[in-house]
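Just so it is clear, A, B, C, D, E, F, G and H label the chains in written order, and each chain counts residues from 1 on its own.
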Amino acid sequence: ARQSVGEVIYGAGKTAEQIAAIAQALVEGGQPSVLATRLDAEKGRRAVRLMDAAGLPSEYDDVSRTLVAGASSAPVSDACAPLVVVACGGTSDLPVAEEAARTAAFLGDRVTRLYDVGVAGIHRLLASEDVLSQATVVIAIAGMEGALASVIGGLVSCPVIGVPTSVGYGASFGGVSALLSMLNSCASGVSVVNIDNGFGAAYLAHLICQVPTRRYEG
Amino acid sequence: ARQSVGEVIYGAGKTAEQIAAIAQALVEGGQPSVLATRLDAEKGRRAVRLMDAAGLPSEYDDVSRTLVAGASSAPVSDACAPLVVVACGGTSDLPVAEEAARTAAFLGDRVTRLYDVGVAGIHRLLASEDVLSQATVVIAIAGMEGALASVIGGLVSCPVIGVPTSVGYGASFGGVSALLSMLNSCASGVSVVNIDNGFGAAYLAHLICQVPTRRYEG
Amino acid sequence: ARQSVGEVIYGAGKTAEQIAAIAQALVEGGQPSVLATRLDAEKGRRAVRLMDAAGLPSEYDDVSRTLVAGASSAPVSDACAPLVVVACGGTSDLPVAEEAARTAAFLGDRVTRLYDVGVAGIHRLLASEDVLSQATVVIAIAGMEGALASVIGGLVSCPVIGVPTSVGYGASFGGVSALLSMLNSCASGVSVVNIDNGFGAAYLAHLICQVPTRRYEG
Amino acid sequence: ARQSVGEVIYGAGKTAEQIAAIAQALVEGGQPSVLATRLDAEKGRRAVRLMDAAGLPSEYDDVSRTLVAGASSAPVSDACAPLVVVACGGTSDLPVAEEAARTAAFLGDRVTRLYDVGVAGIHRLLASEDVLSQATVVIAIAGMEGALASVIGGLVSCPVIGVPTSVGYGASFGGVSALLSMLNSCASGVSVVNIDNGFGAAYLAHLICQVPTRRYEG
Amino acid sequence: ARQSVGEVIYGAGKTAEQIAAIAQALVEGGQPSVLATRLDAEKGRRAVRLMDAAGLPSEYDDVSRTLVAGASSAPVSDACAPLVVVACGGTSDLPVAEEAARTAAFLGDRVTRLYDVGVAGIHRLLASEDVLSQATVVIAIAGMEGALASVIGGLVSCPVIGVPTSVGYGASFGGVSALLSMLNSCASGVSVVNIDNGFGAAYLAHLICQVPTRRYEG
Amino acid sequence: ARQSVGEVIYGAGKTAEQIAAIAQALVEGGQPSVLATRLDAEKGRRAVRLMDAAGLPSEYDDVSRTLVAGASSAPVSDACAPLVVVACGGTSDLPVAEEAARTAAFLGDRVTRLYDVGVAGIHRLLASEDVLSQATVVIAIAGMEGALASVIGGLVSCPVIGVPTSVGYGASFGGVSALLSMLNSCASGVSVVNIDNGFGAAYLAHLICQVPTRRYEG
Amino acid sequence: ARQSVGEVIYGAGKTAEQIAAIAQALVEGGQPSVLATRLDAEKGRRAVRLMDAAGLPSEYDDVSRTLVAGASSAPVSDACAPLVVVACGGTSDLPVAEEAARTAAFLGDRVTRLYDVGVAGIHRLLASEDVLSQATVVIAIAGMEGALASVIGGLVSCPVIGVPTSVGYGASFGGVSALLSMLNSCASGVSVVNIDNGFGAAYLAHLICQVPTRRYEG
Amino acid sequence: ARQSVGEVIYGAGKTAEQIAAIAQALVEGGQPSVLATRLDAEKGRRAVRLMDAAGLPSEYDDVSRTLVAGASSAPVSDACAPLVVVACGGTSDLPVAEEAARTAAFLGDRVTRLYDVGVAGIHRLLASEDVLSQATVVIAIAGMEGALASVIGGLVSCPVIGVPTSVGYGASFGGVSALLSMLNSCASGVSVVNIDNGFGAAYLAHLICQVPTRRYEG
């Protein structure tokens, strides 16, 4: 697992040109690969073309709206490596879930996706209980009523990071409903990051996965 | 089951004297028994003493803060009668849950209580699945993150009435967190009444239970 | 009346291609017809063309932004069937009202529309009192001050499902004003679903209409 | 009708001693009578005793929490005088309704009270339609869902002043629900004053009643 | 002054075709002229062309986004007629102010505009004191901090109708800041209508102006 | 004028014993006098007695709820000294205004109080225009609609510090209404401190008064 | 370090009698010691007396409002044990900070307190940088502007758990200001628990500290 | 330094034509140069072309969205002139920071920019401590958690003007999070202007810089 965390580019307020330039500078500065988040499709594709022209291979992902430039890392297969489980209830949470999952993979963590485990179909979630029980940390992603974090928190004894999503309509208020739900979780061991912040959840999950490394290996 | 719904006294802004007087007038007017809600212990006990002195038997219940004056009705034992299941997660929701359960009983409905089925301990809830499957209507009561309504909504195929409670601290905002959660339920068949409104939920549950009666019997 | 509820497609986050594919799979899987909600006109028309090309007949409705694919069902004419009354005050609530009415029809329920009964013209509402009195359940749809649910709740003795709409300007706050109004209804027997959730109201109405069926017929 | 409006004492932040002193100064300065608002029972009774000791007759009213010192005016009996109708739905709005009604009477206006006309019992309101039709201005007072202002606004063709009250529980948020309801009234001719501001509504009603006086008589 | 109020078309959710058709029906039904509000420029111009083609003269106004079809009325010149003063602080409030002023003129009221009297330049407002003193009713329109209603309320002894506008940025929250300001006015005689509701303010102003007519003339 | 600012004790969460001890330590440490804020009457009087017993003279002020221990400073009489004008509208804002005025005096600034200049009586404010024009900085204190900061901001060309107060009822929301008003001031040169923060305003005013000292004198 | 987490009693809604009984049952059931949180001084002292009478030693702490019954554990002195650093800015956050610190100690974790490191005195915080650098996890507790979590998050490379506190006045809104601050932290690796939830933060910190144990030792 | 402040054009609601015309009128009226704020790129470029055609030189700046017409002033180089330091954390705050910096320069003030001093990298901020110590006033600009104002407030002893920015996502709520943070600053000497109001902050900074001029020079 990667020890020190590379620079990540927050793409929201930047042009494709700026992103390509920063990525290239980082790679030239020795960082093997670079992650950029929050790029819409047009910006992402343009950045890929620009880096291509400059000889830097990169890949853009539509769902997570992320881009990885440089050496792409193979998924971690070591079954003893710490495990980040990314769970969500359905298709509308996928962009945030994939932002989290791809960030975790970029940071060198082993990742398992549980993407159809909404609380309105609790039996599907329970069918995944043994995957959950192997997690070092779970990222629970949910919009609307945001109950997933509490239900998972009750099932596992590892830390759970809740990510409210802005998905929904009516009284979901852009994620506030899910955010409040998660903050008020009746399960212990649950904390929360900002609405839609899949990146931040994965970053924190990585720090938690690093706890043994920092203590036992250095 | 009682066909027409008797008058109910909302006790919050009234004195014990006023409540006792209204109850007596209703009973004299032919209503066999009278329910009063939202009486604190002091007011409730004083009202009981006043009615006692006037020859009207009554009983006050501490937990639900309700009082029933007049003939107390035996619990419905007919296993074919429509069934109201009142579910909640723990001790702090009991006042609202009991307001609902006692109102339903007063209205003549068969009632089953499921009082330790919070979502952070999902296996306890699942252990009650067959009680839930017999419900005509479920009243799901929860504070904090309010996820119970969604989880139950996913388990049953009857109407679910969510009652957010004002229990909690911090960002629960007097029930708003649970209210938003329930309004945004990802399970279909769930609707919501006002925060702490156990009475209103039971009243609505009664109307739903009456649907066959109104259609087949009268 | 249809006993078990078919799958419904929530169209908001899906492409016309995805919707057409899911619909076809459901029909091939044996569901006689499929409802899709929340499709804007462009997406709806494109989905119709795609299914047409694949030999699946379908119809898109502009007002409700819904699409029904497969066998279209004749309106229920049996005057003894449970009755869903859909009431609203005026033209701006029509999209939500029609989402509710068409969902109810799709689910096999008898539907009556009362579409010009706003509370500022109370006499028009009162002129419909006998339609209201035959309802098994009323869906009361209103934006702005949302008083319709309370007024109807006072007139009928069946369940009333309030649907706040996001119609309005100024301090209507995208439906919050109507939502709060309905939650605070001074009439008993009223519950509320999420802002603009015509589908959810009709689904719940269907469950309520099914109560006798479940008890007496199966 | 009294032409110029006398000074009114807002009692909330003042002691009984201060209120008595101000009242006496005003009467000595030539104002025949003085109104003080927002005095709880203890403060009100103490102020009465203090003024009594000083030879100034006064009367305190428990419900409205107002006090009138000096010459008490007979109710206006002239059936041609402008008429202020004060309407509300029930007992919990009485303090605000009486603050409005007593202020209007103090200002010299003819007042009719309609105190049992909540929207959940619309037929009682309609039974008062001819009183409403004689109003120069209606003050519509309501908590919870605040629909009264809209319904009355649709019935009358004179100005309607809505007063939201802080009565309620749960999602009534201290009057916000009723306030939003009234601001979003779908009836024209309705405006709103601050939550619980019975005094302010009556003051404005008085100014509206004075319009002909100012134009035709002076 | 026009006695009975003609129908007004709220144009926000309607097409130019619908508006033209309604207007024509009203004129054919005997209403001499028709007002339509909330039409953007494109819709307004299209409606004018449509009515033109159908032989109904009409005029669209860019600033107020209103349209008047049929006989245009001359401004009221009778110096004894009731007077509506429309006051605002600057250019950004003009759309709402003109909606109010043109509605008042359409309803047959005498109108004076005071359009540069913001509270940050109090001397300009004071220079208009004698216009204000002749008002039967003042409509005070303001966004941002909304203080205009209070300051004018302190200067005049007639009713003041506050209209908060959604103009502003940052913490003005689409008019909420001005709305709260006006509701909390420390001047008596001020009431409030919904954010941006110039039409509603003028309609209410008209009812107030009609008070003498209703009492003395009929 | 005092150059460096002494330590100030925020008394809200501390006991009289703790306050007395801290004050004594500061005086023993060389600070000639000490200010403590946010002490209710009981705590304030007790602290005075405790310091008295220990030989440290002190004075508690009821209105501002502040206490000054040690050498009391004479008011600044030098007409050339920078001037802090503290303005408010009426009696209910006095606690905050006096907290500001006494803090400014404690810090060694010249202070003028304008305490009856509410915007609903604009002529009283204008009568003080020449006092305002001599201000180095104005502290404008207001609850309810909070318009005072804007009106003064338009009159003066020095910095204005707005202090919203929590005074009010109904939709004033504990000072939020006044806070939003002031933040949205249409007059330039106005900034805002926290609700009821008289101390903070005076501290900032002092820093502004010190600008010349820091530049010209040292 | 304790491997499995003992039961904790949430004391807020329970009587001293109930708390004492639950504690005794847990100890009799084999749990060496029991923690109870959220007991005010009166309830805490009464519970201590009750357990004393029953032969169960216990200790109540005023600041944190917690009670520990049974065997009290010595502080962890092993410098290799995982370290929980509890940081806050000042006296008003102490109750929450001590709830966190004592919970962590109860759970068997090594704890270091940094209690005078508010962001307005950034140099004091920086003087503790090497303590911070040894932390396995930091609990950052702050009210008012809540900036501590961000600043610490920028200094350390371990997980930071933010706990907003309800301390403050004016626009701190019972902890909402600090909560939003922490959720929006510009430092990565920061997550948030509910307002005032010192217990929850310590519980989560414990789970994070257990990561190596679960992986390497068990 | 410029003594009296020239007129500034708020460009948000105006056309390029209107802006060009006002600017020309002001220059013809004797104002040497004119600032216009809140012009998007298209409007800004068009205004430049229009003024160019009319012989008035002007320059539009993309980042700050401001335009200066007329004589451009050289930056103030006098090291004794009052100094406005404009500080922010990163690229997303640049538009507001540049609006502030360019307004300050336009008003004739000496300006230093500190644009990479976010609180998550506190050491970069501390490296600028001596620039900060020379400031007459600091403008601290921040979105998200808005902690910069507090941290700087703790470092300097001059006034600090906080400008919350609307930058962010999730629970930043368009600047509300940063606004609350700054209002609740635990550092004294900090006040706040409206969200994104870089102009207003610079204007106020200018008034503060003028304090010595007004007192010693005129």
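A few comments on the model shown:
In this text, a residue touches a chain if its C-beta (ideal position, glycine included) is under 8 Å from a C-beta of that chain, and two chains touch if they have at least 3 such contacts.
Quick caveat, the model's predicted, so the values are computed rather than measured.
The set of chains in contact with subunit E as well as subunit G comprises F, H.
Path length between subunit E and subunit H in the chain contact graph, taken as the least number of steps between touching chains: 1. When the interfaces A-G and C-E are ranked by C-beta pairs in contact, the top one is A-G. If each chain is reduced to the centroid of its CA atoms, subunit D and subunit H end up 49 Å from each other. Centre-to-centre separation of subunit C and subunit H, using mean CA positions: 52 Å.
Averaging C-alpha coordinates per chain places the centre of subunit B 59 Å away from that of subunit H. Annotation: 43 Å between the Cα-based centres of subunit C and subunit D. Shown for subunit D are the residues that touch two or more other chains, namely 170-172, 176, 179, 183-184, 194-195.
By the document's touch criterion, interfaces exist between A-B, A-C, A-G, A-H, B-C, B-D, B-G, C-D, C-E, D-E, D-F, E-F, E-H, F-G, F-H, G-H.
By the touch rule above, subunit H contacts subunit G in their complex via residues 89, 118-122, 126, 143-147, 150-151, 153-155, 168, 170-173, 176-178, 180-187. Taken together, the subunit B residues at the contact with subunit D in this complex read 12-14, 164, 166, 175-176, 179, 194-197. Contact residues of subunit F toward subunit H in the complex are 5, 80, 82, 136-137, 157-159, 161, 179, 183-184, 188-195, 200-201, 203-204, 207-209, 211-212, 214-216. Chain contact summary for the complex, subunit E toward subunit H: residues 91-92, 167, 169-172.
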